[in-house]
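The chains carry the letters A, B, C, D and E, assigned in the order they are written, with residues numbered from 1 in each.
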Amino acid sequence: MYLIPSLIMFGCGVFGFITRKNMIAILISLELMLNSVDINFVVFNRFLYPDQLNGMFFALFAIAIAAAETAVAIAIIINVYRVAKKVDISEITKLKF
Amino acid sequence: MSFDFSILVLAIPFFMFLFLGLVGVKMGKKITGVVGTIAMGVTLFICYSIAFTYFFGTDQGQISAEGVRQSVLAYDWNWLTFTDKLVVKLGILLDPISAMMLIVISTISFLVHLFSLGYMSDEYGKPEKGFQRYYSFLALFTFSMLGLVVATNIFQMFIFFEMVGVSSYLLIGFYYTSPAAIHASKKAFIVTRLADLFFLVGIMILSYYTDTFDFNALMASPESALSSAHGQTFMGCSVMAWALTFIFIGGAGKSAMYPLHIWLPDAMEGPTPVSALIHAATMVVAGVFLVARLFPLYVLEQGSMNIVLVVGAFTALYAAAIACVQSDIKRALAFSTISQIAYMMTALAVSSAPGVGEEGGLGYMASMFHLFTHAMFKALLFLCAGAIIHAVHSNENSHMHGLHKFMPITSIAFLIGCLAIAGIPPFAGFFSKDEILVACYEKSPLWGVWMAIVAGMTAFYMFRIYYLIFHWKKHEVKEGHHAPHDMQWTMTLPLIILAVISCVAGFIPFGKYVTADGQALHTHTNWPVAISSVCIALVGIGLATKMYFKENDLPSKLKSKFNGLWTAAYNRFYMDELYQFITHKVIFQKVCKPIAWFDRHVIDGTMNLLADMTTSASFAIRKMQSGSIQSYVLYYFLGAIMLAAVTMVIVLI
Amino acid sequence: MDSVGNLIIYAIAAIAIIAFSILAVTTKKILRSATYLLFTLLATAVIYFQMDYEFLGAVQIAVYAGGIVVLFVFAIMLTHKPGKDAEPLSSHKKWLGVGAAFAGAAVCAGALFSYGKFCCAKLLPGSGFDIKEIGSALLDTDKFGYLLPFEAISILLLACIIGGVVIARRR
Amino acid sequence: MEIFSNILIYFVIVPLLTLAGLALCRNKGIGAIRTVAVMGASALMILAITLVVMFLKERGAGNNAEMILTASWTWYAPLNVKLALGVDGVSVVMILLSAFIVFAGVFASWKMDPLPKQFFLWFFLLSTGVFGFFISIDLFTMFMFYEVALIPMYLLIGVWGSGNKNYSAMKLTLMLMGGSAFLMLGILGIYFHSSADGNLTMNVLEIAQNNAIPENWQLFLFPMTFVGFGVLGAMFPFHTWSPDGHASAPTAVSMLHAGVLMKLGGYGCFRVAIYLMPFAASQLSWIFLTLTGISIVYGAFSACVQTDLKYINAYSSVSHCGMVLFAILMFNQTAMTGAVLQMLSHGLMTALFFALIGMIYGRTHTRDIRDMGGLMQIMPFLGVGYVIAGLASLGLPGLSGFVAEMTIFVGSYENADVFRRVLTILGTSSIVITAVYILRVVGKLLFGAVQNEHHKQLTDANWFERLSTTTLMVSVAIIGCFPNFFVDIIRDSFVPVVNALSDFFPVVIR
Amino acid sequence: MDYSQFLIMPQEIGLLVVFLLVFLYDTFMPDRCQKALPTFTTALFGLYTVFSFFPVHSGMAFAGMFESSDATWAMKAILNVGMLLVLLQSIKWANSEFVAVRRGEFYELLLLTLFGMFLMVSARNMLLFYIGLETASLPLAALAAFEKNHYESHEAAAKYMFTAIFSSAILLLGMSFVYGLAGSFDYNVLASALGDKHSALLIAAVAFVVAGVGFKLSLVPFHLWTADVYQGAPTAVTSYLSVISKGSAAFAFLVILVQVFGTVYADVWKWMLYAIIILTITIGNLFAVRQRNLKRFLAFSSISQAGYIMLGIIAANTLGMTSMMYYILVYIFSNLGAFAVIAAIERQTDKVTIDDYNGLFKTNPWLAFTMMIAMFSLAGIPPFAGFFSKFFVFAGALKTADTAVYILVLIALINTIISLYYYLLVVKAMFIRQDECSIPTLKSHWSEKTGMILCAMGIILIGLVSCIYTFLNGVAENSSSLFNLI
């Protein structure tokens, strides 16, 4: 039961990634996905293996990594913005086929 | 006297072939011809001494206590091992027929060599282009033919069959710039090749069951050879009958039996001496020789023998009929040859086994006898024709007429030849033909009458040719041309020699030397047959004299009266057209071309299609790489989901 | 622990997560989207707290809500002129997205709920981890020690810093 | 080192040294390049003749081992891959053949232009592959050398070829490599079933000794290997690379390809497919017999209507090589011996053909027989050479073709079952069709009137062309005249395979 | 609290030392010395590579989180060799006009990503693996964006980054499922805890882990970023991405699959890989057929090569593992050989399409030669190393004695024909096309030359010298306990 929000959150993330055009919005969707997975870890840890802490630690590290990822991603987005003057994902499709 | 030197018979011509072919080009033309002729003379001498030693030598024990003439195995080398038992050997086997053939071949070959010295030169005695090549090929042919007759086993015979075919091809195509010659040589080769195919199959069947190629082993007990197939049959006939029939077809190809005869008339495109040598005297009798070689087997397998008989008899009549109307003298002679060879074939076919009845083996003897005499007088006729053609530069008898005054020697020689072939005593043809007719009557009166009619036709058409060449009307010398005249001695000498032989050969006691079982066969003249055959011949000659001696309109009247028959015969009953249709229209157009098309479009097309499919698949999936991250991720995610879902479905359900 | 109160708090948090997640990915205004994200993250932190993982909840708030969302806001400010809406979504894409999301959720849900262990699991009383324990575990090398990941992630962060510098430099 | 005491290894070392020597030559130094190439080719020839002598001596001394001069050094221990060398009669004559053709090929490409150095480099790389293949008895090295021999073809045709060379080169390479893809699977399959007790081996002799490949696996692996090699052996319907490839290839490459490379196919079919998997061979032979039977007749018929000289010979090769595979599938000593003779014969004669065609093409700049005629008057040497090649091809006794075909036919007929006999007789018919197309070409090309006035100025062969073709002509004649010399070398090599087959197939050994 | 445990990882520490020295050099050396930075780094790394060849102690550290064994040691050594080649090839590029200001960061990032890969290779814990994976992939986005003056570079970086984060989310999802099933992250514990029960959750977990790692390996259908990124990124980065990153991921993938999911090999992931391999090889090939841009072309070729590498994994035996490592080694040399040529030409002429290479042999024979043997090696033509590696990979796969795998190998083999086709297209352009070459005769920098010579020698020698394979086999045999669960 505790996993339902996480699942929905993940689904929202996927949905957002696929549908949104704004790169920042896409990054937000990705954050949702990462966050939902963290919930998974924690819930599994708490409910199934309450005598350990490794799920929690994993979530901890995952949060840190997610933060790093976001930082790099935002840097790239800004970079793209500088070149393309837009943050629209449909703009960066020059490399294809 | 030993037969060790017999190898020279093969070695000299072969060496001459290489020598003249490789070195001769650098030598003078005349010298080449002379060297070739002298070498042939040496071969001739050796052949004669072999034959003499074989027939008359007594110290070798060739004649056993029972009076049977043994065959001598002078050489036998392993040449090619098929299996432990089936080994192809090359060697020299001397027995009556091979010794006889040695004489025939070497004689004619020598004379042709001699004759060609003149024939192959222009009017001023300057040798033609390719003179060396010509002599080289002649030597090759002589080698092959000699190798054929001395073959110790059936495979060696096949080998030399092929060799003979090739040298014949080369000689027919000697004038290689002429399309007709190319065509004729090709035709000759392919038709005989087709026959050889059957020969080969026959050999394979025969050797499979008998486990040997060797003539001596086969002949030692023909009954056991035939029974080695253990009564196996194929399509109702015993396999041995099949084998022998196939082998006969091989022989029929070389011997121009109907329906494989079509190459021979065309082969007349070659130089005339070549026709004399190959297409009159030697190569064309290879088939007869083959059947004679295997005679002990054939005689036990009457089914095959009957086929030989029917084919032979039919061909004799058929060819004779065509010969009656040909205007090209060489073609006429060619059909005459076909007819005569069919005569020999028939003689073999009607022969009973030696020792059966009073005349057992008579047909065999007669056939060989006729082979011998025919070779002589037919070579004579061809060489005469050669002399004539050389003089008037044409093959058509319409360009000749009335040459008797210009070329007396040739005329007389030709007349002797005609008399010999017509079977007028005392010329050679009479004796041999008479024996054949006797043998045919022995078999059945039907065949006797049949062959007698053919004999009459022979007399008719030969004299028709003779009259049309030498009489009919006065010869018109075209402007700018020399009047025809008799040739220099190298050309007339062979004519004279052959004419003499044609006169006297009939008196050779052939039955004493050449018989089916090696025992002397005592013949006696069958007077009714002899007289009747002479009468029929005389009727034929008379008819010809009536029609063709002086210029008159009887022939054209008859021609218009029997126009259909005449035209059909003139066109050789359309056999060539039939072949043409089958080869070009059916095989070439309906088999080869579709196969080639199929190959390029279907087989190759499939391969190209595979390549094209790859490329188009490559283009079809191009859209996958659309450049948009979102679609990439969609693929990614769906891929992962599918991976999970499908595996779940497969594993858990 | 397993009290009605807890349940209610959980329900509120769960509903908040679900609602704000959906809003975050559907709203047209990008700044609102970031705001909804913030709420989602906070609601998640609530759940962590409820499960006695106070430290994790604090990190969640500090790093995620405090750090990342601020970063987002900055990025949005840098790249967007205020008041501009995002373009409407093409319905084609939307259905694709919905389909994919549902398919994914369905497969995961199917997988999770077919594994019976979770359905009957009860929230057991927490054994009460304190910060000190967590701290020592982070620097421990033994079992349940996280020294190596700790060091490794520091290198990762260093790498990201260098990377960020590289990317952000104008030249 | 011990490895250098075996003569066989020199068949790889010499070409490699030649490669090195060529690499040291300057690009423009045509004299040096030729010298090195001729030295390499001559050395190979001498080696090959020495090998034959050694072989005869060994056999004469009563060494009846299946393979002689065997030696092996471990190469890849984990897979038990060894550099295993050894020859039996078949490989000896194949090596001899290859040496002759390489020799003739060097002279045939005397005036190669452009990039002579690169040409000879690839040429000798190809030779390395060929010799390596024949001396190996380890599946891995065999396969490796096999591919080494294939790939230079691409560049040799692509760079130095003519006509539609890009397409042909690609097609040839891809099809042959397609075959080798199947082959690789087959070889690996054989390897993994090579032993019942887990001592897997790649050595052909050991695999045959173990005889451990399960029957159902044989049924799977046999087609793989047979088709794999069969593609190179131009088996119907995988032969279409041959016409295009040959048509585009430069002279020496056509020679080497038809002369030697295609033999790799036949040799491999025998050595790997049939020898190692007798059960499947006997079970499935009917399929491949039918295909090869079709090849024989089909190739011959196709050749009848072609107008490009090289196409004619390519199709003729399809027919002749079909006969090789056909004979191998007849499973008796005689037919298999015939197959090897046919490989020899076809190798030399086709090489001769292609050499002559190349020389004619080099003069007339056309290969269409409709545009040529009467060449015999203009270039008698080449004309005579062509006639000799043609006669060898249509089976004139005294030249090699006859010997080979007769051995095949007689051997094939030794089989008692009707199916094989019917096919044999069908196959025999090819001798007539062959005659048809050969005579057609000879008639149109050499005889008749000169079709093109420009051709009258053309010259006959130069000394190196004469040397190249004469070598081949003499070899053709030697095989044709003294076949038993070769038969004696070859024949006993088939005893093991026939024995292995006789467990499954009513082989008539007589 | 036993810090001496760090001593079990000398290769990682050595790498960090190199990194530190480069960092210090970059930060504190005066500007005039900065030009020597690439050479300095390369030399230093060369020394380190030699050092990394010294055997290490086998053993586990950090409570089983980190494993050092002969296999990991060998794998890292292989990666080091590849890294050295990449560094060599990039010296000239790193000093070029637009890159020079950031060259220090370039090397630092490369070294740090390599460190991440080492962690992946040695990790025996999901957490460590994940951190390693991220360390190996996040900085690469920065590297991809390195050529600021090229728009493509930015696009490549963005595509890489988004896909990377998405894939890491998927991977995490898979890991969370694993955790839910077994309650641990240690491979050893997981293996026993998972058991051989196939629950839907386990299958989903495997699928997501495969998808997550498949991103790094660019397996189809997780490969779509590959071509765009390879094309857009600087060539030095592309070559790094295509070999080093892929090689390390493959090894880590093998370890995870056989050690963690070993119990469900036959039923679950074998078939997943089966499908993925077929797709990867085929689709990679089909895309490569039509490419005109060489970098993009090599991207697709590397996708299909990844499929062949997977054959070593699906084998799940020591032979397969050996072959896979060997394949990676050979692949490093072959691909880097090709990239060296491309980079050298691109640097001087900015030409990267196949048509530009027409007639290259005439103007630049050695470049053409190197490219040709690289292509032949990639296509698997003897006597070049690619042939051996392909053969051994197939051998490894077939050792499973499974009929299905035979069919798989057959499909792979048929695909080699397609691949041969497109590799030959390059050869054709260079050797056969007779057009006027648009590339003038070039003079390569010594570093590029050295790189190419090393690659060419590697391509020729690695196959012929059997001791390398034999040695790797010995290494894999020592790790045969990995396959206990299969």
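Keep in mind that, in the parts below, contacts are C-beta pairs under 8 Å (C-beta built on N, C-alpha and C of every residue); 3 or more make two chains touch, one makes a residue touch a chain.
Since the structure is predicted, the reported quantities are computational estimates derived from the model, not experimental observations.
Enquirer: Need the most distant chain from subunit D, centre defined as the mean of C-alpha atoms.
Expert: It is C whose centre lies farthest from that of subunit D.
Enquirer: Looking at mean CA positions, which chain is nearest the middle of everything shown?
Expert: D
Enquirer: Farthest from subunit E in C-alpha centre terms, which chain would that be?
Expert: Result for max centroid distance from subunit E is chain B.
Enquirer: Looking only at C-beta pairs in contact, point me to the busier pair out of B-C and B-E.
Expert: Pair with the higher count of C-beta contacts: B-E.
Enquirer: Could you tell me the distance, in whole angstrom, between the mean C-alpha positions of subunit A and subunit E?
Expert: Distance between chain centres: 26 Å.
Enquirer: I'd like the Å distance between the centres of subunit D and subunit E, where a centre is the mean of that chain's Cα atoms.
Expert: 42
Enquirer: Subunit A to subunit B: how many Å between their CA centres?
Expert: Roughly 96 Å, centre to centre.
Enquirer: With chain centres defined as C-alpha means, what is the inter-centre distance between subunit A and subunit D in Å?
Expert: Roughly 64 Å separates the two chain centres.
Enquirer: Could you say which residues in subunit D touch two or more other chains, in rising order?
Expert: 174 - these are the residues of subunit D that touch more than one other chain.
Enquirer: Going through subunit B residue by residue, note those that touch at least 2 other chains and give them in order.
Expert: Expected reply: 611, 622, 625, 627, 629-630, 633-634, 637-638, 641, 644, 648.
Enquirer: Please output the residue numbers of subunit E that touch at least 2 other chains, ranges allowed.
Expert: 127, 131, 134, 138, 141-142, 145, 157-159, 162, 166, 173, 177, 180, 200, 203-204, 227-228, 421
Enquirer: Go through the chains and record each pair that touches.
Expert: Touch list across chains, by label: A-B, A-C, A-E, B-C, B-D, B-E, C-E, D-E.
Enquirer: Using the touch definition up top, name the residues of subunit C that touch subunit E in the complex.
Expert: The contact residues of subunit C facing subunit E are 107-108, 110-112, 114-115, 118, 139-149, 152-153, 155-156, 158-160, 162-167, 169-171.
Enquirer: Give every residue of subunit E touching subunit C within the complex, in rising order.
Expert: 1-3, 5, 16, 61-66, 98, 101-102, 105-106, 108-109, 112-113, 115-116, 119, 125, 127-128, 131-132, 134-135, 138-139, 141-143, 145-146, 148, 157, 173, 177, 180-181, 199-201, 203-205
Enquirer: With touch defined as at the start, can you tell me which subunit D residues reach subunit B in the complex?
Expert: 171, 174-175, 236-237, 239-241, 243-244, 298, 301-302, 304-306, 333-334, 374, 376-377, 391, 394-398, 402-403, 406-407, 409-411, 413-414, 424-425, 428-429, 431-432, 435-436, 439-440, 443, 446-449, 483-484, 487-488, 491, 509-510
Enquirer: Write out the stretch or stretches of subunit E touching subunit B in their complex.
Expert: 158-159, 162-163, 166-167, 170, 198, 200, 203-204, 206-208, 210-211, 215, 220-222, 224-225, 227-228, 267-268, 271-272, 275-276, 283, 286-287, 289-290, 418, 421
Enquirer: What part of subunit E is in contact with subunit A in the complex they form?
Expert: Touch residues, subunit E against subunit A: 126-127, 130-131, 134, 138, 141-142, 145, 151-152, 154-159, 161-162, 164-166, 168-169, 172-173, 175-177, 179-180, 183-185, 227-228, 231-232.
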